[in-house]
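Two complexes follow with chain A in common, the first pairing it with chain B and the second with chain C.
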Partner chain A sequence: MPTAFVDILTDNFGEFSSGFWVTVRLVVVAFAIAMVVGTLIGAFRVAPNKWLQRAGGLYVEFFRNIPLLVLLILLFYGLRDKNGPGIPITGFVAGVLGLGLYTAAYIAEALRSGVFSVSKGQIEASLSLGFSYTETMRRIILPQAFRTVISPIGSLIIAMIKNSAVIGVALALDDLLKVGRTIQSRNFQTFETFFWAGVGYLILTGLVTVVIRQLENRYAIKR
Partner chain B sequence: MRSTHWRMLFAALAAMSLALFVAACGDDEETTTGASGSQTTATTEPAEEAKKFEAGTTLGDIQKKGEITIGVKFDVPPFGFKNTSSGEVEGFDIDMGKAVAEALGVKPKFIEAISDNRIPFLEKGTADLILSTMTINEERVGQIAFSDPYFIAKGRILVKKDNADVTGIDTLSGKTVCTALGSTYEATLKSQAPDAKLKLVDSYSECLELLQNDTVEAISTDDVILTGMIIQTGDELKLVGDQLTQEPYGAGIKLGETEFVDFVNETFTKVKEDGRYKASFDKWVGKFTGEEAEPPSISVDEAVELVKQNGK
Partner chain C sequence: MTLAFFDWFSENNNGRYMLEGFATNLEIALIAIVFAFIVGLGLALLRLSRNRIVSYAAGIWIDVFRNLPLILLVIFLALLLPESWRDFWTDNVPGWAPEAFESGLILGAFMALILYNSAVLAEIMRAGILSLAKGQGEAASALGMTYGQSLRFVILPQGLRRMVPALVSQLITLNKDTTLVSLIAIQEVVRRGRIVNANSGNPFTGSETEAPYLEVFIFIGILFVAVNYALSRLSRRLEIRERKRTGTTVEQVKGLEDQVAVEPA
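Moving on, here comes the complex of A and B:
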């Protein structure tokens, strides 16, 4: 590799790694939010109660149909607006909330399709054996649903990591891409600098891909 | 039957996207020429006969094209900003750009150049000339050519009016300060206020937004830009502390274009002498600050020395 490339990384290693960790923290917290909220909304979507189904549907349609960038700006600049709500939300919190709630809508849909892939006969059998609806879900249906949707959820997590790159530039937060912007503004070595930012994201998505493969090999339902 | 329906639907969609694509391209063409603006400055005499340059030289090519592309700020009153009612860009930098275009006998086309992309714009030929509140400093002199300074701004700190904590550069420790990516203030703040937390963003309008919503406590940049913000927000903000730096603004030109640089210098000298400088200064700066126009008369080298004194 030409030395110019290596120099960019070594000269700015401190900044690159601090940006990398900001991105890691963003992604981990957003993932937690996305899984918890996504499972909840997914459960709403398949609940027997019509109103719960509608509430879940509304959530999914809202968060899936507005651009992530708009959502982030709304959560940060919108909530902080002194003439509006005036809530002192930080860029980090707005970022993880936006990314988490946005991804949750997709997770909910993936889980819903997972639940529908389990044959209806199993639900009927479970109910007739005396399990309650909640128990049926928790013990019979959801474990199978999760196993079916491991790989779609893996794709969603990878998409989420990539989507996280929007946060830094939009909300003035020093994540991996934004740190790259700052370094580039000093050295004008655009290609080299963003190359390393790209490598940072590849490391993250690569790790997730490996974990997902392992989970698939162990748990996924082979058909 | 069914398959023909699908085929028709597909054909319709394809036609629609093609139409949209063509429309989008046409639209783009429209806006770029539209940005050139029709009015000229409120200047005195009609354009004297423009000096002709040989074909093949940069200035000759610009004259042949009949248009000079000038990179300016679109969000930095009072130097370069979009007038929200007319949609035209206006300001002191714009007036200087119009004067250069007029002297060449061509139309000015103003494009947006933020602090971070203006030097690449010159290197890649996206813009022929940059007039975007750009300080002449040693690092940049190696990358692009500069005209003689046409304005000397002073570095200051801007805070909200009710802020009693920040009174100058030495009270910034632990505070978050905003400035633009690629501006000289990153280095100034790092050396003069090493314990301040820096927030570097694309544009000063973003800094203003962040100051107003309390994400940052201060903005540091040139006094004229900060004055523009005070005017824009209707007196909610104030300047604090002493002058941090002196920032001589120069017009940026691609490295090696000596003829171009000389021509811009000649034009600026004329503008300074015939009253156009004063008229523009009074209109954009003096009216708000009460200052008298003082056109700088130093060279690029002297400007570099002046900037070196900053922070000492």
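Moving on, here comes the complex of A and C:
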């Protein structure tokens, strides 16, 4: 006798919610990594030094074009391989590192286009007023750049939530999708179980969409 | 144990085995993008329909499938696929199809890839169509064209042209996403990479030297980076050409990672 639709959720609520919070933790930590690394690479991309620009470009092209799954396998199985480096990295660390470094490339590109969206006249004006390069960046360009990139970064957070689902299945970490998979393999009620896991993801992406829209209305500069 | 660099590659035909796997990825991506384009165009037209209910329903459909993780759809549909459909496919798969397509689960993989990507493409197309000046549609109806005619002769030819670069960058994303089907045991390059790893160093099935994970997967990574980099250059070229031709900017679409880098003109 198959269990009713809602019962699938209530019977397994503990597991679902622990998986949900693992997904949230993955996304939050990976986002922190992505912002730090992405800002750094973005700074490389707009630096006055040609070699730094190239290094930044190389990073972006590599991490934007490699499949996330391949990156995760490289970081987890590659580093753990006893014939290789043999570093006992955990699934969570490899997961957030992979997702963070991957998204950092997109963050860097978003920031770069944000910096370029500030008109050249402002930079010239600031330099002729005697601001140094770093001062111009910090006081004139970046405050405006961050306001133009609110919505692209919002899209990236949503992409991160979706991409985080790869981590659980690939690295055997009990996130929302993996938990759903485990529950399904017990009750064989595929539709009901995946429906509730899907709802979990839609709650997260929906929340982020709403928050970003609020921020956009308040701060964003429309160009 | 000897650990010569990239020794595994020349042994047991491993190199060819992997490259064939990679070709499967590209084939899956190409087939999926063609179908996703057709379905996506239908969805975009429904979304732009003047019937409120139709438009609303299409909007919900698009938003749901755009915001679900693709991997969830892949696993879900692979598990949901009726046994009979899988058997039907395995019995009737054409002889010229690549080896990986013999698995019945490939149907689930294609359904997931098309569901997700058609929703994403529908949103790109909608933005492309809406980015046309309103005057175009008005002029068409003033000339006596019906709604269908104005779509066919005025709106779509221009709107679709504008989304060619976005379509190519979606192909890049899709190309990367084809690796996800390895998780439902379809023999594409990631799956084969793991098989190469498992078999080598095994005295019964494989060679004496073990293939280090790092080497195998760096090789796979480079394959993807090379193809996708070429595609991204192509997309950039097309975009610049289009911009020069029409003197417009490409519309930014929310929720797409690859649309983020579109620079303001």
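Convention: the second predicted complex is superposed on the first by the 218 of 223 C-alpha atoms of A that agree within 3 Å, B and C clash if a C-alpha of one lies under 4 Å from a C-alpha of the other, contacts with A are read in each partner's own complex, and residues count from 1 in each chain.
Rule of thumb we're sticking to: a contact is a pair of C-beta atoms (placed from the backbone, for glycine too) under 8 Å apart; a residue touches a chain by one contact, two chains touch by 3 or more.
All figures in this text were calculated on a predicted structure; none of them were measured in a lab.
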{"item": "First, second, both or neither for A:Ser17, with chain B first and chain C second", "value": "neither"}
{"item": "Residues of chain A touched, compared between chain B and chain C (which is higher)", "value": "C"}
{"item": "Chain B versus chain C as contact partner of A:Asn65, first or second or both or neither", "value": "second"}
{"item": "First (chain B), second (chain C), both or neither touched by A:Ser119", "value": "neither"}
{"item": "Touching partner for A:Pro88 - first (chain B), second (chain C), both, neither", "value": "first"}
{"item": "Touching partner for A:Thr182 - first (chain B), second (chain C), both, neither", "value": "first"}
{"item": "First, second, both or neither for A:Tyr77, with chain B first and chain C second", "value": "both"}
{"item": "Which of chain B and chain C A:Thr190 touches, first, second, both or neither", "value": "both"}
{"item": "First, second, both or neither for A:Asn49, with chain B first and chain C second", "value": "neither"}
{"item": "First (chain B), second (chain C), both or neither touched by A:Ser132", "value": "neither"}
{"item": "Overlap of the chain B and chain C footprints on chain A, listed as residue numbers", "value": "77, 80-81, 169, 181, 184, 190"}
{"item": "Residues of chain B defined as touching chain A within the complex", "value": "115-116, 119-120, 143, 178, 181-182, 186, 199-202, 206, 209-210, 212-215"}
{"item": "Contact footprint of chain C on chain A as seen in their complex", "value": "61-62, 64-71, 73-74, 77-81, 83-85, 106, 109-110, 112-113, 116-117, 151-152, 154-156, 158-159, 161-166, 169-170, 177, 180-181, 184, 190-191, 194, 197-198, 201-202, 205-206, 223"}
{"item": "Complex contacts: residues of chain C adjacent to chain A", "value": "1, 3, 64, 67-72, 75-76, 79-80, 172, 175-180, 182-183, 190, 193-194, 197, 210, 212-214, 217-218, 220-221, 224-225, 228-229, 232, 252, 254-257, 259-264"}
{"item": "Chain B-touching residues of chain A, taken from the complex the two chains share", "value": "77, 80-82, 88, 90-91, 169, 172, 181-182, 184-186, 188, 190"}
